[in-house]
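Chain nomenclature is as follows: A, B, C and D, assigned in order of appearance, with residue numbering initiated at 1 for each chain independently.
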Amino acid sequence: MHMAISVAVSGASGYVGGEVLRVFSEHPDVDFGALAAHSTAGDALGLHQPHLRTLADRTIVETSPENLAGHDVVVLALPHGTSGQIAAQLPPETLVIDCGADHRLASAEAWAEYYGGEHSGTWPYGMPELITGDGHQRDNLPGTTRIAVPGCNVTAVTLALQPGIAAGVVDPTDIVAVLANGYSGAGKKLATNLLASEGLGAASPYGVGGVHRHIPEIVQNLTSAGGEDIRLSFTPTLVPMARGILATVTAPLASGVSADEVRAAWERAYADEPFVHLLPEGQWPTTAATLGANTCLVQVTVDQKAGRVVVISAIDNLVKGTAGAALQSMNLALGLPETTGLQTLGVAP
Amino acid sequence: MHMAISVAVSGASGYVGGEVLRVFSEHPDVDFGALAAHSTAGDALGLHQPHLRTLADRTIVETSPENLAGHDVVVLALPHGTSGQIAAQLPPETLVIDCGADHRLASAEAWAEYYGGEHSGTWPYGMPELITGDGHQRDNLPGTTRIAVPGCNVTAVTLALQPGIAAGVVDPTDIVAVLANGYSGAGKKLATNLLASEGLGAASPYGVGGVHRHIPEIVQNLTSAGGEDIRLSFTPTLVPMARGILATVTAPLASGVSADEVRAAWERAYADEPFVHLLPEGQWPTTAATLGANTCLVQVTVDQKAGRVVVISAIDNLVKGTAGAALQSMNLALGLPETTGLQTLGVAP
Amino acid sequence: MHMAISVAVSGASGYVGGEVLRVFSEHPDVDFGALAAHSTAGDALGLHQPHLRTLADRTIVETSPENLAGHDVVVLALPHGTSGQIAAQLPPETLVIDCGADHRLASAEAWAEYYGGEHSGTWPYGMPELITGDGHQRDNLPGTTRIAVPGCNVTAVTLALQPGIAAGVVDPTDIVAVLANGYSGAGKKLATNLLASEGLGAASPYGVGGVHRHIPEIVQNLTSAGGEDIRLSFTPTLVPMARGILATVTAPLASGVSADEVRAAWERAYADEPFVHLLPEGQWPTTAATLGANTCLVQVTVDQKAGRVVVISAIDNLVKGTAGAALQSMNLALGLPETTGLQTLGVAP
Amino acid sequence: MHMAISVAVSGASGYVGGEVLRVFSEHPDVDFGALAAHSTAGDALGLHQPHLRTLADRTIVETSPENLAGHDVVVLALPHGTSGQIAAQLPPETLVIDCGADHRLASAEAWAEYYGGEHSGTWPYGMPELITGDGHQRDNLPGTTRIAVPGCNVTAVTLALQPGIAAGVVDPTDIVAVLANGYSGAGKKLATNLLASEGLGAASPYGVGGVHRHIPEIVQNLTSAGGEDIRLSFTPTLVPMARGILATVTAPLASGVSADEVRAAWERAYADEPFVHLLPEGQWPTTAATLGANTCLVQVTVDQKAGRVVVISAIDNLVKGTAGAALQSMNLALGLPETTGLQTLGVAP
């Protein structure tokens, strides 16, 4: 038996849209309907996504409420500030999954400060593994018809640190996160600093000094996990890879906590998670091991001299960081097994 | 219903072995038995293949006939010159798939000249799309219990040019092939020229001047496709990517042939192939579009001034170039649909 | 004693302009005057060329005849089709060095066919090592006040093959050249295929099938070196490096010529060249060895079975391919020692 | 007039040795004597350092006190633990410059803890810009005949943070440093994790959790700059580039200090430094801008919400991080102008 789920994708010619098509294609029940975009409407999809052979001959249609109507699921892969408008024109019973930032933040003040403009409202947050007061965010997703997919950097940092926050073994008031980021996180937009000539052989930071838009979202998550008075220094750096995030996250070791208690906190948090894997002691994550997969690899240790817990996580920004989280959340929303169609094998080397 | 096919893999801690595990994992009927290697025997697989999460806790066993016995299929991912010995100790009814070079060449003289040492014999060749006198190589695979998987460079060049050879629209006596190659084709062996410091930001040739071991295999294939008196200049070059082969192959336009006839030859050859795709006119292959997929992308044009047909093909050396070809051939040998479990979506960007 | 040569650079915020500034800075007699550009005029140079610390505080001025006037030397690093106009407004006694294509071709027909538009005329060609009927192109440069700097691909292919053409040991009627190219050759322009996300981990061809604008220039050079009825198949491919060209060039071995005669031709041609180095037998060029240097590394061999001579050359497209050739030619034009201020040590690894 | 300084280099076939040869070649007074190594002795240097054209024909000699004797300067580019022995056999009046770790640490206890084995003693430290109690380390170098060149990561972190420590505007008891590192920092040794296939497209950490050998050296330096009770969390990560270090260093803002006071501290510290450049506000360092140059680019800001000062520095690990520091220190030791022969122009893009 095949339960067909019709899925429309808006932003189909971009990197996030392309990855949604790739990842959702592996789901046994998904049938694609409209593949929509704006400036590329009318083109064959294969012109912009030559790696998606099964969809190469499909024609891109204009992003419009009419074209997106009539599907079970609509995935929006649009620049922030634009999905709110589209979503408002879709019926309430359609499952709308927003890969953009518009509906992630609960705080309208935080939205105004970091993004500017009017807040589009808050949707159920598509990070099933997020620890909440009484369980996990996955408990809040069944039956929802609106899902806000987390930011990719946010996923890497949240999954790295939340076990320590929830267990109270780290001090949440002085977190420092530094990330090595692949270029696809910046999207397909044309900018000099995103050119291959600039990126090849170079490392460079961006959004330094507390201004990056992912900060309030990380604070929101770590607060959900039980942290109070979260303070976070957050610095992403572009390095020469197309995909991947390696997050190095440190926080002060809470007073009187042993290294064994630290490790136990992470083991407990992720023992049953299908996609978040604490590696054996001594083995550290590499982004290569997550390429193309919906996995997050984590390792933790205590630096006693520095008085800090050091956690490193690796994800593929376009899968666990975006399209995989979208599909995982869709499964939960529709009452399917959470892992359906999701890949745990990375493409390495 | 699940028809379990038990598969053992020898060389499981190397790049080819790891890719066999990744690609065969996606086959609905495959169950892995022994994962064997030599110097890493006793280790958890995850130490050497951290991307293969579902197999990370499996213990690597020693490569021995005892450990490999009792499986439906044994895949050998070993250095050339070693698989002949192992294969000889496996029962004739076991399907043995050799990813190495030992059993590819029909000519013992060619083996002696290019590889040296004794020839291990010739097995049915695992390139289903290869054009033969009266059909395709896929016709020769059902029921076989021995398969020689083609070399990766060989696959890229053969699939690029064979339509023109078979149709007689190119002159086979002066072929020139230059390849851009990712580093994984060289395997996991430790050598100074394979270090990241050497490879990053650099392009360098290897095996120049008619000495590369893939030459007699390409000649053998193009002869199968109908070429006589094949002569081939072949130069691979290492470029800074982990995977992928981009082959630029040119041959003189046969006398009196039009550009339309050239295009028609390629269209006809690949119209029904599930994994070899002639792109729309004007779109050229990029290796990125094949990453992780069992696809070969091809484009062809005629350079009238130069009097040459120019063909460019792109493959993932570890998938269509090795592990995917192995699985595709296994399907044929076992009487399963040829495309079972094989991926056509690349991981890009 | 310091003989000051005042140099203005137009296009100072681009890649070629930046490299002209870097390379000319190492010349003991050069003093920079106007650093001109168009869209970046008014900015500090360091904003666009952060690697040029000694010039970081200089202000970019508008590209205008007024701003460029009054210098001993004006270097134009502009898109093709624009330098002709500017040059026409500079005094005849000013040494104008055009890094663009406008003045390279002797044939107005070739210009019309490959570039389109009106031909700006032909200037003395800035490739000192080019073999001419009775010597080298360096003999034609002293005293000139106009220099057309060669194209970077052209330099790689010409220097690779001209010894064989001049000595008559290769057949010039069926040359095949395939190049691995770094991204900076495409300049700083914003285009999707030049994004880091597209380029990282991928190889892709461009300008395939006899349409690349560097073809007539290569033909012109090889004709200068003594070739008749030159025919050339030419395919550049983008690979993940910021700089560098590795050219694999093959041509049929002329009838009755021995491998020793082939090697002797290359040895003779480059024995006294300060920047073009034939490597010891068995050692092949890598682009890494030329990074930042005005060198061209070459190796040649004979593939007897294929009946072809195979030559591989490596250059830094921005140095020997552009800015270094400009400085070397300037030295000759001004009567200075040809090697003054030019670097032969590459930056590796 | 030419004051010839004869320089011998031990470890000439490695990455550090090769860079010493490249960088010292640009010094007007340096003449190379013995080029020594061990396993490559007898080879032409060009076989191992093909980018050093002017030295390509020199023969590598065995590393022995006899071969190193009789030079004005001996540069040791050897694995740690081996230079102490060699140095002991060189005359006291020879200037010995050790690029390895053996003589950097003042504390024998720190040596024993992080490196193990016997401490070889402490030599004057080759970081001219290091702030000391009453000036800079450059004041201690004139006339010395022994120099310990700093570690590359140490240089990036020290130069990033010392202005804030010296000015008392940051709290030194909770420093967090995360680095993006190019592969050449690991040297030419053969190890699986240093292969191109592993490094291309991947980011991975090493030496995590307070065990990295550069930690005590950084603590020593920041103590020199005036810090007390230094505590440092330090995590280097390998990213796909051959050269370069991007260090993201944060420390708590000291109580009552304004953002202006922070900036003023960095401006004051580096206003007169020839090689350490604080960028204009808003411009952040990229490693590309330092490639091949003896420069360190720095930017600083205050993250008020996080309560931390964030500093980012970029260097070329082989130049400012090693060979350039060696030459700069040699100049000081020999009474030459500190900047003689040192490059400030990076090779970009």
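Here is the rule we use: contacts are C-beta pairs under 8 Å (C-beta built on N, C-alpha and C of every residue); 3 or more make two chains touch, one makes a residue touch a chain.
Computed from a predicted model, the values in this text were never measured in an experiment.
With steps allowed only between chains in touch, the distance from chain B over to chain C comes to 1. Equivalent interface to A-C within the set B-C, A-D or B-D: B-D (over half of contact pairs identical by residue number).
The pairing of chain A with chain B is characterised as same-residue: of all residue numbers used at this interface, over half are used by both copies. Separating the CA-averaged centres of chain C and chain D is a span of 35 Å.
Each chain gets a centre from the mean of its Cα atoms; for chain B and chain D, those two points are 45 Å apart. In chain B, the residues that touch at least two other chains are 15, 183-184, 197-198, 200-201, 240-243, 285-286, 288, 291, 348-349. The part of chain C that touches chain B in the complex is made up of residues 174, 176, 178, 180, 197-198, 200-206, 208-210, 215, 231-235, 237, 239-244, 246, 248, 250, 252, 284-288, 291, 299, 301-308, 310, 312, 314, 348-349.
Of all residues in chain A, those touching chain B in their complex are 15, 18, 22, 25-26, 44, 46-47, 49-54, 56, 183-184, 200-201, 242-243, 277, 279-280, 283, 285-286, 288-293, 295, 297, 344-349.
Only residues 15, 182-184, 186, 188, 190-192, 194-201, 238, 240-242 of chain B touch chain D when the two sit together in their complex.
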